[in-house]
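You will see two complexes here that share chain A, one where it goes with chain B and one where it goes with chain C.
After this line comes the complex of A and B, so read on.
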């Protein structure tokens, strides 16, 4: 078990942003027959998704709105933010990283280090560990983690997966607390890297043609579009991930009663229900955001926390166990305390960054 | 309703196939709508109908009508001959 220990750092606030554009059954039935939509909605319980592509919104835009709003709400001196980590595969540009653009847009100082991390559904847990580790080796007062994705744009329009993936961005601010201690398990299995993959457009196969091919799942897709072995993901989620959560609780000498909230990556309700049943978790401890927002990739753990926070405001502080799992394959488990006053409701935004589309003639 | 009738009805409803279809010929990846999404929907519906939760190995090995019956029997579901 790859165990990481951090101390002296805690989460000071979380805020999520989603695109205003919303799609539900009515929209889905324009592309798929009613019976197919019924099957997907019945098993996933994803009733709606929010998509940024119609407003030209990128993951960076959603992350920016979440972070800008959070920093204003917490009245943070932005010159004191020394670390910015942006987690996504849906970057604004091939180069530079989106974290560079966000540094500009958020008005962060040149004394803030910035970096992108390529992760999807395990991205919150991986990102949290990275920021906390950086904080421990720096004198920075604050660290900012932004997790965001617009995965729907890489899915074939004939693939039912396009009914499940929603766009979102989340900002998580880290600050100092001498008493805070966290343990995180991070795991990966590159042997299963093809389980969830966009095979073309990377440097391995930079400019494949756009021919649509019928894949083993019967879906027509190009190499630029996501392939997901659904049953492989199901097996991984309900075996490897559940085993890691059990191992984490054994290692930390904790059990279900020690946690107020279990925040899981919001893949779909079929998977989450199986995890809950295997771990014997009561429903009131498992917040859900996917009914309205779908699978929001690396943002889904903060989305679940923000979507469910009104259920926990009777306590000033909650103890959370979080588990993210997905592309890589990668997965992780962590736990932390949260001040419920600094967990904000999900906001909708139409904001984007049109000046980010560059004109070569002007460069 | 007998368990066999309940099982068949679940297949008909989830896979959206006519009830005169010969169920013994149904096969995942071959029959209409029994793709990976259809399979998950079918598993969900069978688990609800029979109040069971399939182990992942059984869920993955369930590919035909007859296999489904044998798997359900493992979970204590009786089928009249």
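After this line comes the complex of A and C, so read on.
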């Protein structure tokens, strides 16, 4: 078990931002038969998704809005943020990292290390461990984790997956608390790297032609578009991931009663219901954001926490078990205490950064 | 479990009318047999028979009878 123990660091605030532009079955029925839309929505229970592409919003934009809003709400001295980690594959540029752009936009000091981390659905659990590890080996007062994605942007328009992926960005601020401690397990299986993949556009196959080909699942797609092995993902989520949650609870000598909230990556309701059934989890402990926002990749766990917060406000502090899983394949489990006053409602934004589109003549 | 009981379970999973499935039917010719149905079949076989099917198992299925043959504990 790849086990990580952190102490002295805790989450001081979580805030998520989604694009204002919303699509639901009315929009989906313009591309697919009503019957197909009914079936997909009945199975996934994803009734709406929010997409940033129509307002020129990137994952970095959503992450910026979430972070800027959070830091203002908490009245944080930004010069005391010594760590910024931006988790996404949907970066603004090939290079530099989007974390560099966010450093400028958020007004962070040069005494702040910034880096991008390439992860998707496991990105919150991986990301929180990375930031906490950096906090523990430094004396930075704050660490900022921003997890964001615009997964729908690289999905074939004829793929049902385009009804499921929603855009979102989440900011999680870490600070000091002597009494805080928790454990995280991170796992990965690169043997299954092709399970969820965009085959072209990377340096392995930089400029493949844009021919649409019928794939094994019957969907026409180009190499620039996401391929997802649905059966492989189901098997992974409901076996490996469920096993990892059970192993985590065994290792930490905890069981379901010790947690107030189980925050899962919001893949779809078919998978989450299956996980709940296998783990025997009561519905009131499993917050859901996917009904209104879909599968929001690495932002899913923060989105679920923020979407479900009204159910937990009666407690000042909740004990959360979080499980993220997806592209890589990568997965992880962590648990932590969270002050419910530090979990903010999801905000919708039309903000973007048009000056990020550069004009070579001006460079 | 009898063949007719297995067919009934499969019909429920595939959201098809009772009596519509026959062992000799070719899966790819059944309109309802799509990616969502395969997920439902995986869940059925795991819950009822304790078996975990993989994508490669599905590649080996041509007819309804092939699925019936794995519906054993």
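The criterion applied here is as follows: the second predicted complex is superposed on the first by the 363 of 363 C-alpha atoms of A that agree within 3 Å, B and C clash if a C-alpha of one lies under 4 Å from a C-alpha of the other, contacts with A are read in each partner's own complex, and residues count from 1 in each chain.
As a convention for this text, contacts are C-beta pairs under 8 Å (C-beta built on N, C-alpha and C of every residue); 3 or more make two chains touch, one makes a residue touch a chain.
Here the structure is a predicted model, which is why all the values come from computation and not from measurement.
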- [ ] Scan A:319 for contacts with chain B and chain C and give back first, second, both or neither.
- [x] neither
TODO: Could you let me know whether more residues of chain A are touched by chain B or by chain C?
DONE: B
Open item on the list: I'd like to know which partner A:39 touches here: chain B for first, chain C for second, both or neither.
Closed with: both
Open item on the list: Looking at A:270, would you say it contacts chain B, chain C, both, or neither? Reply first, second, both or neither.
Closed with: both
TODO: With the two complexes superposed on chain A, say which partner A:80 touches: chain B (first), chain C (second), both, or neither.
DONE: neither
TODO: Share the list of chain A residues that count as touching for chain B in one structure and for chain C in the other.
DONE: 39-40, 43, 160, 217-218, 230-231, 234-235, 239, 270, 274
- [ ] Note which residues of chain A are touching chain C in the complex, please.
- [x] 39-40, 43, 160, 217-218, 229-232, 234-235, 239, 270, 274
Task: chain C to chain A touching residues, read off their complex - done: 34-36, 38-39, 42-43, 52-55, 58
Task: Contacting residues of chain B [partner chain A, same complex] - done: 14, 16, 29, 33, 35-41, 43-45, 53, 56, 59-60
- [ ] Enumerate the contact residues on chain A facing chain B in the complex.
- [x] 35-36, 39-40, 42-44, 160, 217-218, 230-231, 234-235, 238-239, 270, 274, 277
